[in-house]
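This is the structure I want to talk about, given as structure tokens.
Naming follows writing order (A, B and C), and every chain is counted from residue 1.
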Amino acid sequence: MRFLLVEDNTDLAQSVQTRLSMDGHGVDWAPTLQSAEDHLGSATYDLILLDIMLPDGDGRDFLAAHRRAKRDTPVIVMTARSAVTDRVALLDSGADDYVTKPFDFAELEARVRAVLRRRSGVAQTTRSYADLVFDPLSATVVVNGDARELRNRELRLFEVLLSAPDRIFSKAQLCDRLFSYAETVTDNAIEVYVGRLRRKLDGSRARIETVRGVGYRLTQT
Amino acid sequence: MRNPAITAVLSGLLICWAAMVAAFEIEEDTLFAGTGTGGELRILSTTDTGIFAPLLRAFQATRPDVSIRYTVASSQEVYRALYDEGAGYDLAISSAMDLQMKLANDGFAQPFRGAAGFDWPAWAHWQDRLFAFAQEPVVLIVSRAGLGDLPLPRTRQDLISLMRDYPDVFTGRIGTYDPTLSGAGYLFATQDARQSDTFWRLAEVMGGMHPRLYSASGAMIADLQAGELVMAYNVLGSYAEARLDADAGDVIVALEDFTLTLLRTALIPQQAPSPELGAAFLGFMLSPAGQQIIETQTGLPAIDESALAAGPHLRPIRLGPGLLVFVDPLKRERFLEEWRAAVQQPSDQP
Amino acid sequence: MSSARATSPSIRQRLVLQLVVVAALLSGLLYLSVRTVADAAVETTQDSILGAATTTIADELRGGEDGIEVDIPYTAFSMLGAIGQDRVFYRIMVGNQTVTGYDDLPAPDGTASGLEPRYYSRPFRDVDLRIAAVSRTVLVQGRAVEAVIIVGQTRQGQAAIVANMANRAAALGLGFFVVATLLSILTAGTVLRPINRLAEAVGRRGPQDLRPIHRDAPRELAPFVTALNGFITRLGGALSRTETFIAEAAHHIRTPLATVRAQAEIALRQTNDDATRTALRSVVRAVDASARSAGQLLDHATVVYRTDQRTDERLDLGALTRDIARAFEPTADLREIVIALDVPVDPVQVTGDRLLLESALRNLVDNAIKYADPETQVDIALKLGDGRAEILVCDRGRGLSGVQAQALTKRFQRGENVGDVVGSGLGLTIVNEVAQAAGGSFDIVNRKGGGACATLQLPLS
């Protein structure tokens, strides 16, 4: 997916850019509202990540102008403010959702997915691997015409493995992606979800391979 | 006496001059004995005991424990007893309004505390010290027989004309008070003189008739009844009413130009030994019950405002400082001198 | 609010008191002046009569060869009875000799010269007398002799008249005072009405209403209104500056935190060293904890502020519940927790402050998702009954572990079994305070079969 990140803080912007590109997303960075307008004029984005406080104006004004111009690119606002007082105002001014800084990228992704799912007319996001077709928005894998719905952690696990087929991911790396940092889980907890995902991929040429003592990888036969 | 029963309650008629502490002359001294525990009410009065007895007995009926000593004296003596001698009486009753007024004015009367209880007409009292309890007209009495065919005089003017026109009928047969001797006579004369100038003409004409002079109304009435007088001028109406016999042709005339109305007054002397008894009796006299007894049993007319309203010729003698003028010795001297000059004409002098 | 400032007497009381005091002074003054004037008038009247009586006697003095002749006219004394029933005393002197009357009646000091009567007051016997004295020179045997006529009168009649007038003056004064007092109260009410109206207008305003006051006020109140408007403007400015400051502060703190967290996540993805990973996890957890605590503190402050100054409106509790449940779905989904909603389709009308209720609901749902076991269901139900709406939020998780609900709703009080979950202990406090402000109640109990069930009751409008 292609994101437009509107954020004036260079460090944060670069971190977000790096982090999202790790998951295979393309991110353009606009440090000001003006440059955001320039980017929007020259490219099409699946989603805009918008900061509120920007050097050349208020993100909410940009949002309002964005909606007045009938542009339907979904917007998720990144706010530093208190959740209670701002939520109503932000949603009223046309934001599709919001995350409060500092945010969990897993949650951000979940929200992005939820927003895009709600929106119709979003560009096809399906990906193919071996003989299966994967649609992360609707969380389905289609194996030989048989659509199978993935649960959240199965989806996230499959996304991780699919982001780099044949690469071996350690149990710890996978845990990081599936569980929040607040949760204490053993590395073995991942085995449950690997087992479930394998069952969903049954009958496909794609399969999850256990590399003893190292981790797992997605391969095809 | 109108009431023969009076003798029954008359426990004693004491005329003992020597026994009396006072140097003033008294005429009667009567004790109405009570059960004795309530003390003695001492009344000094100018009104005859016989006339006043029913009232005294009625009061005693309400206060049987009180004994009443009722002393009668002339009005001058009543005045003198209190003013000069400080005699100890609980109530002073007199027909001499001027002298009573003088006593009250000069501080010889106590205030009557019970006065607030009575709605007494303003003209019938002075302050809360002097109270009128009876009003009576001062009248002319005429013997019909003595007058013959002559018309009854209705005014003083008529009287003057009659005497001028028929001196033979009236000469030596007209009676009136001697103001030099009688307090009441002096009061009537001075008030007559104050009311109208006609008085002095009447006095002169009367003087020409050689009038007979009296010191009391009773004697005048008696002489008229005896046929010695044709007319008596300035007689107390209550006495005339009580004693004259209409069948005998004796007539009482209230002169229409004006008829003086005398107020009998009572006061509680300053030096009263039992002022509360005096006040009790005074209150009884002024009460409706007392007034009723005065009207019906003593023959004295009770205080009656409507009677005055009905008779426009009736002139009550005003209680007030004006009365003091005639008590002044110089004034009195001067008045009596004038009177004598008018009535006792030189030709009469022996 | 108002009870705290009942220390100084109200303007109304002061105004009424001052007007009443003025009325009392005027009434007293009225009484005194009427009395004084009446006293003087009656005395003058009686003096003239007394003087006339004395002069009348003096006019009757006649000289002659035999001495002085006096003929006191009846009218001289009778006129003294005109006003009341006063006692009369007189004395006529020639030289030092009393010709007639009361020889102890006090003579005037010095010589009673002139034709006009001299007046003086003296005690005589048992009474006080007002006395008039006139002197006349008469010829006796060709010699000029001075005669003095003294007439005295008690003043009981005058005293009675003055007392009568004093009573009327007192009644007049009292009546004036009563009327003036009533008018004072009325006046105070009228004068203060604009102030009260202004106060009501300001008092009716909501917490966010910082518009200037445009209300017709009396000219005298214009400076106050101007000052108040100036103050409102400054307050608005201060509030907006404060808000801006807080926003900027939050922005400047949370943005670096967000950077730290992002960098830590990136680093976690790139390292396989266990020690480093543990350290990085701690960093992420610390960032989350501090951000969450700061957020809840701000929320709590907002709730407390809005509890005092809330703007009540009618809102649909069902729609609100659905909204919030939907907002939490992505969060729940991360732990494969399903949110099951049981909310009536028809609107559920309650009256309350939107932000407060929303804050309470968010905390309840957030709590349930946070403490629920993964891959379980959180049940959110809205039930109606007995004039109340009841929101139930139930989870399958570790439950309360013996801590009472009352204890959990205290500030910074957390359950005993939650050390591994990021939280500040303010969440349920916020819910409880909102419930009480809205006239409702809050309770949380262990759920049969594991987990907790929170109940928020609110009165229906």
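Assume a contact is a pair of C-beta atoms (placed from the backbone, for glycine too) under 8 Å apart; a residue touches a chain by one contact, two chains touch by 3 or more.
Quick caveat: nothing in here was measured; it's all calculated off a predicted structure.
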Core chain by centroid distance, with centroids computed from Cα atoms only: C
Chain whose average C-alpha position is farthest from chain A's own: B
Pair exhibiting more inter-chain C-beta contacts, B-C or A-C: A-C
Separation of mean Cα positions, chain B and chain A [Å, integer]: 141
Centre-of-Cα separation between chain C and chain B, whole angstrom: 80
Centre distance in Å when chain A and chain C are each reduced to the mean of their C-alpha atoms: 62
Residue ranges of chain A in contact with chain C within the complex: 9, 11-12, 15-16, 18-19, 22, 52-53, 78, 80-85, 87-88, 97, 100-107, 110-111, 113-114, 151-153, 170, 172-173, 176, 180-184
Contact footprint of chain A on chain C as seen in their complex: 247-248, 250-263, 265-266, 268-269, 272, 274, 277, 281, 284-285, 287-288, 291, 295, 298-299, 302-303, 327, 329-331, 333-336, 354-355, 358-359, 362, 420-422
Contact footprint of chain B on chain C as seen in their complex: 69-78, 80-81, 85-89, 99-102, 125-127, 156
Residue numbers on chain B that touch chain C, as the complex places them: 104-107, 126-127, 194, 318, 320-326, 328-331, 334
